[in-house]
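Written below as structure tokens is the structure these notes are about.
A, B, C, D, E and F are the chain letters, set down in written order, and residue numbers restart from 1 in every chain.
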Amino acid sequence: MLHTFRRHLTLAGCVLTLLSFGAFPALAQDAAPGAAPAVTTESAPAPESTPAAAPTTTEAAPAEAAAEAEPAAPAANPADTVWVLVSSALVLLMTPGLALFYGGMVRQKNVLSTFMQSFIAMGIITVLWVVVGYSLAFGKGNALIGGMDFVGLAGVSPETPDDFYGTTIPHQLFMVFQLMFAIITPALMSGAFAERMKFSAYLVFISVWSLLVYVPIAHWVWGEGGWLLDMGALDFAGGTVVHISSGITALVACIMIGKRRGYPSEEQRPHNLTMTLLGTGLLWFGWYGFNGGSSLGANGLAVTAFVNTHIAAGVATMAWVLVEWAQRGKPTALGAASGAVAGLVGITPAAGFVNPMGALAIGAITGVVCYFAVVSVKSKLGYDDSLDTFGVHGVGGTVGALLTGVFCTTSVNSLGKDGLLYGNAGQVWTQFVGVAATWIYAAIIGGLILLVVDKTIGLRVKSTDEEAGLDLTQHGEEGYVM
Amino acid sequence: MLHTFRRHLTLAGCVLTLLSFGAFPALAQDAAPGAAPAVTTESAPAPESTPAAAPTTTEAAPAEAAAEAEPAAPAANPADTVWVLVSSALVLLMTPGLALFYGGMVRQKNVLSTFMQSFIAMGIITVLWVVVGYSLAFGKGNALIGGMDFVGLAGVSPETPDDFYGTTIPHQLFMVFQLMFAIITPALMSGAFAERMKFSAYLVFISVWSLLVYVPIAHWVWGEGGWLLDMGALDFAGGTVVHISSGITALVACIMIGKRRGYPSEEQRPHNLTMTLLGTGLLWFGWYGFNGGSSLGANGLAVTAFVNTHIAAGVATMAWVLVEWAQRGKPTALGAASGAVAGLVGITPAAGFVNPMGALAIGAITGVVCYFAVVSVKSKLGYDDSLDTFGVHGVGGTVGALLTGVFCTTSVNSLGKDGLLYGNAGQVWTQFVGVAATWIYAAIIGGLILLVVDKTIGLRVKSTDEEAGLDLTQHGEEGYVM
Amino acid sequence: MLHTFRRHLTLAGCVLTLLSFGAFPALAQDAAPGAAPAVTTESAPAPESTPAAAPTTTEAAPAEAAAEAEPAAPAANPADTVWVLVSSALVLLMTPGLALFYGGMVRQKNVLSTFMQSFIAMGIITVLWVVVGYSLAFGKGNALIGGMDFVGLAGVSPETPDDFYGTTIPHQLFMVFQLMFAIITPALMSGAFAERMKFSAYLVFISVWSLLVYVPIAHWVWGEGGWLLDMGALDFAGGTVVHISSGITALVACIMIGKRRGYPSEEQRPHNLTMTLLGTGLLWFGWYGFNGGSSLGANGLAVTAFVNTHIAAGVATMAWVLVEWAQRGKPTALGAASGAVAGLVGITPAAGFVNPMGALAIGAITGVVCYFAVVSVKSKLGYDDSLDTFGVHGVGGTVGALLTGVFCTTSVNSLGKDGLLYGNAGQVWTQFVGVAATWIYAAIIGGLILLVVDKTIGLRVKSTDEEAGLDLTQHGEEGYVM
Amino acid sequence: MTKMEVIIRPEKLEELQHQLEEMGLTGMTVTEVRGAGRQAGYVERYRGLEYRVRLLPKVKVEVVVPDPMVEDVVKTIRNACLTGEVGDGKIFMWKLDDAVRIRTGDRGNEAL
Amino acid sequence: MTKMEVIIRPEKLEELQHQLEEMGLTGMTVTEVRGAGRQAGYVERYRGLEYRVRLLPKVKVEVVVPDPMVEDVVKTIRNACLTGEVGDGKIFMWKLDDAVRIRTGDRGNEAL
Amino acid sequence: MTKMEVIIRPEKLEELQHQLEEMGLTGMTVTEVRGAGRQAGYVERYRGLEYRVRLLPKVKVEVVVPDPMVEDVVKTIRNACLTGEVGDGKIFMWKLDDAVRIRTGDRGNEAL
């Protein structure tokens, strides 16, 4: 039966690929004739890196629309283009970084399967995104979902900007930057159900989840006409879209799939913490692109997001380590790594809306809250969120999203909002609605997908396969032969 | 005798170094007086990042020549400069990435020697390139080889652009970007004859190969007046120059040096696939600079190359894994890594000439073809291309170069060509000539160099040294003491 | 007692954090109203990436002051901003790179503690720097120390440049770029006293050292009015500030704390040289940002620094390996790594002041001198500078700083100086004064701090803890469970 | 004094150690080994090259006990390590001639 | 029942396992060890510090066989592992008192 | 021929090997093991999950010696490995029935 399934999967994959080829002659003209001379208009002042551009420049649109009306197409700004190119590369690197981060925490016999859960996302999500995902997230649609106009990247120019998203960088660059986020998000979930899910089930699960959960939420929060965007919920770089969505589905998944064999009585220590620490380093490094690049331009907002990201990571590292030291007697390296990631998660929604002292506060609070979520809450409630996807991304993303409503200030970003501390208590409520909607949606739809996958393919490997390890049984390989 | 050789080598190294010092007073004036005020001319519109510049802007030259005639020297464009600076750094990182990629696939006792084959290229090729290699590749010469005008980097300004290569970035930046390519190419070959070549032989071999094989081919394809360039063969970022040249010589080398002791009867499993996967991540990350940076500017072409690179890598990962799954019953992590690299190789010549759907097709096809080259062809023909340099780089580079002739379109890059699918079947023939010339040249000259090295130094370590491992016997070290 | 200390430390940490929160409402207005429209002035020609800007543009000030006088605030240059953003990220990555570099050289039982000594610096120094360190280093002060005007980053704008430091990039970006240097410097020291210092002592030591040693020296060399800057001592990217300061204190520290248990009779081989080599790769990669970014702009100076950095690293790799091969009979991978880092250290002060042939010379000389410092001098004098912080950073930094006085030339950087080879022997003396001052200050104050920490907390772990390893005894973890 | 060499599944180590401790036996020496036997192995493939891996990860526990305890220890081991599936492992045992505690020089049963 | 402890070159493991299997002996336990003896060691140098490494990688194969098979097994081992160069290794053997199959409780030769 | 199995602190290996060599014993086989006994273990914590680690890194040295040398070897071992602190380790010893040098086929004491 698995055998048959495998055949089907292969077939499906090939068909998908071939279908998408079918699309390309129709797209041969995607670099429109108007594109080539576009850059000669660069001296036009308008699209110069706007210093306070929100990730989606709704409010800025009028101002720029004028400039756009005159030439055939607005020109991309070279400096903005470089920054988002670099940021895209940095965000891509986070996925191998995540593979290391998670891979070091599992047992040796599952290290490759854990890596694969990240690496395969770089494959499957790329294909899905360019074929249909990007269009559904960012194509013209309604408040809930995008449209079909960008299917197969039709009309997504590598030269000229879109007139709504990233109006100073080529549209295709905006598309690929967003793709990097779409890749890492499902991979984040793999931490919760590590060491026990079938690879085939995982592959189907993240494919469907990406289209049915990630894509809609991305549209709500960042898409033209998305209801959370229009409501004024702030999410600079993906606190809800990336971290809450994955964190919540991850929680549902680890409860549905059940605990690891032998958990928690058997010894399940991380097999290689140096790997986890290297992963942390790469995540931290890549996160500058994740948050800093979300300014979509080489401007003060990028600097703000970069600096806030760094500060939150640093202070959250200290916060986790110091609390752990006081509570448990020893400061751990895994604690430092966990704190850093928690801080990075926490600052994600806020990075372009708060000042450095806000970042310091958000980092410290997220670090401490995640510490207790991971160390106390989990063991009390008894689920096996094996590598703490929920504890760090779900909780950290939620804390960060709410605190954004507390610390945000228009003195940093005129296209943002003022938060609680700046006299606008309502922003916390707005943030809460965004968070709650994401929680509910990700839990229900994520849960349904898992249910269907479980009933058809089966989520979990056989118990003896779990004993032998997923590397051997799912992939026919061993991580180390030393 | 080896002992004597070693002495000679040391001497040679020192002499080389000292000679190059001798050159420097003569070069003290290399930052010419005109350089400092150059940037003040930046408001001149011409050299603003030209959106469709080919890596070598032959056709663009007239247009810019006008602009250049007016001021003393054309100004470098700051955004273009940043992008190529970053890209150079990214490409450099690919060499340590390659060390990890290969290092993980060998047995533990040879891991350091495999690393060294990459790292030492960062040393020796750097020295050779700045002293003479760059000049021979990119100095003014004839259709076959460059000249001596840039020896010791004389006249290669850090401020002003060259008037032929990278006309919007400082000449020295173009030089160092090219250097990164020159470094990784010989290191690629080390996969074919892994675990059995003397370090001394390797060092001499890659030095000579770099000057006699890499440098001429780079001149043919990218150099001013190079015959393949003038013929209209397209190679955006090194499909022929980098991948075919190294892949073919690698095939010759692994046949000449013979199989590893005990191959294939003894167990020779990869000792650390997590290392290989991390290497894959770094290669993928660095490849954005490799291909994206080959636009030499912060323009739409960079975006095109970046996006195509990503898409091809992603789809080739899926292609390899799915075919393997269908054929052998399990999707492997090493398969995902191999597929990703195959896709990256395949898109290299095409990255700036095709649209995203072309990239999708090239990625899928290269992934599948390389899979069969590695899994079926090799074992049938019986050579020991140990880490599949030929199977991935030779085959993938060839497939990519030919497919460039199929999928290329001037709608993406007006300085490119239309390919088979856009009504110009002749481009496939042009590409074929480029491929064939590279195959023949790299096989013959590469083979001759190996022959000479074998007769003088001897290519292969003693059999007992091979048993003990190259780390101990060539370097007097062990990779792990755990 | 340790227990009590731990409590205190925790408390101190929390208080520190909370205090800094107290500061934030006062800072809510830090993105001043004038900031938003600033970028519209970008077409003003003056602040376009000045091609020969020294890291601190003292001399350039008059020229730009004019431009600044007109608009309310000078605009940041987008291309310069991107380059320094990227460089900041690159420099941050060097700290995990250092963790790998050092971590691979210690024994397995101490690998996590070695990592932690780097990672914790990313936490604690970040907090100290934004609260007070940056202000003391770069705030308006006197010849010896900065002031209090930037405490809590008050007035450090994310939009507009400072009028002295990095006048074409947002002030906050200059701040965070400098922060990355402040992070890695204390972590460098950890190599000298590896495998035997208490984590609590380390944490206190680097906190105090950062404020009392790093901050003042940074002010002397780079700060407005700093006495070494005014004297004309050249230090492009931190030869004295980073490498000599840490190298000298490291030497004092390893003498004060004493040799490792069993050194040198017991076997203390590096436990994982592949880790060290990967670390070398990341350090090399990051160093492009370290040196290249110190131009603070996307200009020819950045290219000069980038190219010089690469050349020196490459040639020093060869120099170390060849000397070792001649002297000891085998070229080692650890030698290649050590040579590369030595070359990178040596070129640091010189990167923006010499031409490529100067870089070649500096790389070769530093490589050879450090080789002998590490291999001969250390064992003769008998101290246990375990991972050769002094031998590489202290010695290499000193050699590089002095050679800067030999090879520097105003033909490369008009804001630099001419050195010995260009007729100005006096520059060597100026450089010597800078070196000597740093040696003396770092030795005395560093030594005093260590003394106080030793008398209060105790520097060294118990002998049995040293036997069991610092991972278990300081952190309650193991690096590998395989 | 009898030396008992016990080959078990890695995941049973913790339980075994726990139960031996409850019997008062804290001394033991543990080695990671790989074992072949009736338990089926795996096939691994690396780029198409196929390896039949018959050696599976096992843990070897060595414990030296006074002769009268041997049968009790056998019982405890079976109790702790039994899953009933092929591959549960073996106990091999033989008499020692002597034992020495390095620290004190104690010999024989005293040394345990 | 005799326990045979065989120290061999790592690269001979596959051949040995193959030949033992052909004799009908599938049970064995394998450990990675390092061995010193007549075989010359290596000198390693790390930043000039010199280490004489006399312990070389070896593999220890433990196989328990019924007493009558011992001489045949010795032959097979020599056949599979002989290179003739110093360092081919040793076989050490001694009689066991008992063996237990954990899964079933079988004792003695039954347990093998 | 007696087999001596010596469990020691890892950091004593070099000294022991040195002293045995001085006695003329170069042959030995070394394994990395983990041992529990009277020596106190450690507590490890990973994100709050607590593990009592009772198995500490030790090194097992196996050396087969002609019977008359046994007591001398015991002395040498104690000399090389004694720290006096708990955890110095043990020596277990038993008589072998035979030994074979694979290279030559030598048997018994000849094979050592």
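The working rule: contacts are C-beta pairs under 8 Å (C-beta built on N, C-alpha and C of every residue); 3 or more make two chains touch, one makes a residue touch a chain.
If you're wondering where the values come from, they're calculated on a predicted model, not measured in any experiment.
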- Query: Not counting chain D, which chains belong to the same connected group?
  - Reply: one piece
- Which chains, if any, touch chain A and chain C both? B, F
- Message: Just to be sure I understand: going only through chains that touch, what's the smallest number of steps from chain B to chain F?
- Response: 2
- Message: Quick check: superposing chain A onto chain B on C-alpha atoms, how many degrees is the rotation, to the nearest 5?
- Response: 120
- Whole-Å gap separating chain A and chain E, where each centre is the average of the chain's CA atoms: 52
- Task: Mind checking the centre-to-centre distance between chain B and chain E? Centres are C-alpha means, answer in whole Å.
- Result: 46
- Task: Any chance you could list the residues of chain C touching two or more other chains?
- Result: 78-79, 82, 86, 267, 269-270, 272, 278, 328, 330, 332, 334, 476-478, 480, 482
- Task: Would you mind listing the residues of chain F that make contact with two or more other chains?
- Result: 31, 44-46, 85, 94-95
- Note on the structure: Which chains touch? The pairs are A-B, A-C, A-D, A-F, B-C, B-D, B-E, C-E, C-F, D-E, D-F, E-F
- Note on the structure: Interface with chain E, chain C side, in the complex: residues 264, 267, 269-270, 328, 330, 332, 334-335, 338, 374-376, 378-379, 388
- Message: Give the list of chain E residues in touch with chain F in this complex.
- Response: 2, 6-8, 31-38, 54-55, 58, 60, 74, 77-78, 81-95
- Once bound in the complex, which stretches of chain E touch chain D? 3, 17, 26-31, 64, 94-103, 105, 111-112
- Hey, which residues of chain A end up touching chain D in the complex? 109, 261-262, 265-267, 464, 467-468, 472-473, 476-478
- Listed in rising order, chain E residues that touch chain C in their complex are 44-49, 51
